[in-house]
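Each structure below is given as structure tokens.
What follows is chain A paired twice: with chain B in the first complex and chain C in the second.
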Partner chain A sequence: MFDWLLDVYNYRVVADYASTFAFGIWRTVWISTVSLLAALVLGTGIALMRRSRRRLARWPATVYVEALRGTPLLVQIYLVYYGLPEIPLLGRRLDELEGGVLALSVHTAAYMAEIIRAGIGSVPEGQAEGARSVGMTRWQTLRYVVLPQAFANATPPIIGQTAVLIKDSSLLSIIAVFETMSAGLRLMSDRYMPNEAFLTSAACFLAIYAVMLGVSNFAQRRLGGAT
Partner chain B sequence: MLDALQQHMPFLLAGLWMTVQVTLLGICFGTLFGTLVGIARALGPRPAFWILGAYIHLWRGTPFLCQIYIVYFVLPQTGIAWLQFDSFQASVVALTIYSSSYIAEIVRAAINAVPRGQVEGARSVGMTSGQTLRYVIAPQALRMVLPPLGGVYVIMVKVTAVLSVIGTTELVRQANLVIQRDPANIMPIFLVVAGLYFVFCYPMLLLTQWAERRYGGLHLEA
Partner chain C sequence: MSEPATKSPGDTSAESRDIIRVENVHKVFRGAKDHRIVALAGVSEVVARGEVLVLLGQSGSGKSTLLRSLNGLEAVDSGRIVVDGRDVTDRKTDLNALREEVGMVFQNFNLFKHKTALENITLPLEVVRRTSRQEARERAERMLARVGLADWAGSYPSQLSGGQQQRVAIARSLAMEPKVMLFDEVTSALDPETVGGVLRLMEELAGEGMTMVVVTHEIGFAKRAAHRIAFMDQGQVVERGDPQGFFAAPQSERAQQFLEQIL
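Now for the complex of A and B:
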């Protein structure tokens, strides 16, 4: 009954590769999570530098953001992948996975910095002034008053950027990091079955995307549609 | 090293020229196609809204890399003659589809941002729906569309780097070929490549920021 389907999309072969794709998805989730956390920390630092009154802090942060937003991620991945091994670090070379995560984090941090900067800008001046006038230090004001509100306001675009990050992580397959796209490429190189290979990878990414849409809707509701 | 770079430069510039060509074709077709989809989704009947919405989610939910592989490897499997793309055609098709999914949502949001009363007013003074679109909606929507459209164009320049995987001889592919001949200078070569992309992208980025200050941002649903 499903003979016609087997010609177009041989799900039996795909079933043989189920564990390969499952491992690919797990790797994609792992890579994205680590890169997201690193990008948020780095991005917050850069956002604060860009808002600093000191030009010496503002200037490098601006160059960082513009340089990373003005060049393709793939080129950045190559630069980190080929470039870092030449720099002595830890007494050994970074492997593909470490280099890939590093490149993704550094790249995403530039976008996160802009989102967080806008988030900080959306917190009314009076909040910080009030905190300062009740005797909070500048650090306390930032930590307890400004940043929590900034992150609440920035959550929807941060989730959107995370969806982009997940899709971007597929580029790591080009430097031989194993993830969801690589799972499809392995099926392709083993059996030369483009439909099964690439449509299955696409379906995996769509499943992850659907989860992200759910998270996004949940966050929008929880935050009362604050954007 | 500078001598070597000077020797490689013609190849890299040829790659940049290919990047420019592919990008411009993708921008033209993508804008045209995306605008049609966006108009159909904003003003068309309900079923069109849902079907085109599914189309948009399908392309937004998958990485561009995956889309290239699908256009280049999966579409020819259908056996349909005009889907047998060479790598250049596949590149333009993939870019067109990719950008259209973003542009369609921008156009739809801009049309929806034109107050309803404007349309009702135009219709009540006797304009046809075509005239309303042409003389009332389009001029207002066009301004709102410009800043986010510029953002999509910048993204398009950058994603063309990925087209190297199907052998389109654009900038990154040329760089990879140059590196095979001269593996000692990987870093300088890729720094030059990054510089070339930056020279292409940064003016567009500045123009986008200028348009955003001039015309204001458009609120897009995530």
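Now for the complex of A and C:
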């Protein structure tokens, strides 16, 4: 009944590769999650440095952001993977997965820093003054008053950047990290069936994206409060 | 902190009587194109414990700047400010500790938007005072009841009227058990029908002996609650006196003009 379809997209072949794609999806989700968390932490630090009164904190942060936004991610991945020497504490060089996650994190942090900086800027000055006037320290003010509101305000662009991050993670296939794109490439090289290989990879990415959206909408409703 | 004999009697009594001393304070802001804006031009003032001082003056005369410098929210250029024995102008002074004792209420409330009315009060208690969650909650509920908002504990600021928000803001300050309360035009942003409730609350506080420095355009409040009026002009206090005398017969020309405008 679906014979006509087999010519365009042979799902039986794809089914043979189900476990390969499943593993690819798992890896993509893992890489994206770790990179996202690292990028948010690093990005928050960079954002705070860019807002600092001290020039010595501001300009390295500015150089970081512009250097990483101004060069291709592909170059950054190659640089981190091939360029980094042995890591002192680790006693060896980074493997492809570690190097890939590091490159993605560092790259995404530059964009997150700008998003978070704008988020902090969107919190009215009076919020911090209210906190300081009841005796909160700078750090407490940031931690309990400014950053929660900054992140709430910045959630839509953070989700957008996360979507970019998920897609960008496919670039790690070029340093032999096995993920969703690599699963497609495996099928391609085994069978030379481009539709089966790449349409399936595309569908997997789309599914990951959809789940990410669902999760973030759920979380926003749970954590949102009234704003 | 009892070290009698060493100080002259006059000295000691002045220290315990005056909770705020402002001595020859200057403050210049840098405006656009490095334009100098003199906000405070050698202002001096003393506030006694339990006193309600109302600051009056034209827009731009430096009332807010003076008020904000009392809890170190605004750093001054020169002069000295001592509040409850702490030198606010000394770099080494712990301003956070000072601010626990000096409550401040703002024109725009500055309630934490992401927190409910109750959480607005419990957050500083838990974070600054390290009060237990349970105790903070109980104290917050008492404070909300005291300002007549017991039923609004779970509401976010955006769900409250301006007057209600301002009462929560006052409750938030009071929960810290301050020795001094600073009010900066706290009814200016309110709808007329909610102004009364906030003013009544402030009068109650004054009646309980709270030391208060109040910037306001509410002349009725000043007449009823103020022990003393200080009139500011161009960054200085140019006239001070009791409310009856000041409103009946202001001495300075600027004060006369000011009262003509607003009455």
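Convention: the second predicted complex is superposed on the first by the 206 of 227 C-alpha atoms of A that agree within 3 Å, B and C clash if a C-alpha of one lies under 4 Å from a C-alpha of the other, contacts with A are read in each partner's own complex, and residues count from 1 in each chain.
Note that contacts are C-beta pairs under 8 Å (C-beta built on N, C-alpha and C of every residue); 3 or more make two chains touch, one makes a residue touch a chain.
The shown structure was predicted, so the numbers you read here are calculated from the model rather than taken from an experiment.
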{"item": "First (chain B), second (chain C), both or neither touched by A:L73", "value": "first"}
{"item": "Touched partner set for A:P60, first chain B, second chain C, both or neither", "value": "neither"}
{"item": "First (chain B), second (chain C), both or neither touched by A:Q140", "value": "second"}
{"item": "Touching partner for A:G214 - first (chain B), second (chain C), both, neither", "value": "neither"}
{"item": "Touched partner set for A:G126, first chain B, second chain C, both or neither", "value": "second"}
{"item": "Most chain A residues touched (candidates chain B, chain C)", "value": "B"}
{"item": "Which of chain B and chain C A:L171 touches, first, second, both or neither", "value": "first"}
{"item": "Intersection of the chain A residues that touch chain B with those that touch chain C", "value": "227"}
{"item": "Chain A residues touching chain B - in the complex, by the definition given at the top", "value": "66-67, 69-76, 78-79, 82-83, 86, 156-157, 159-160, 167-168, 170-171, 173-174, 181, 184, 188, 194-195, 197-199, 201-202, 205-206, 208-210, 216, 220, 227"}
{"item": "Contact footprint of chain A on chain C as seen in their complex", "value": "71, 73, 96-100, 102-104, 106, 108-116, 123-124, 127-128, 156, 158-159, 169, 172-173, 176"}
{"item": "Footprint of chain C on chain A - complex, ascending", "value": "126-127, 129-137, 140, 144-145, 148-149, 152, 225-227"}
{"item": "Residues of chain B touching chain A in the complex", "value": "57-58, 60-67, 69-70, 73-74, 77, 154, 157-162, 164-165, 172, 186-187, 190-191, 193-194, 197-198, 201-202, 205, 219, 222"}
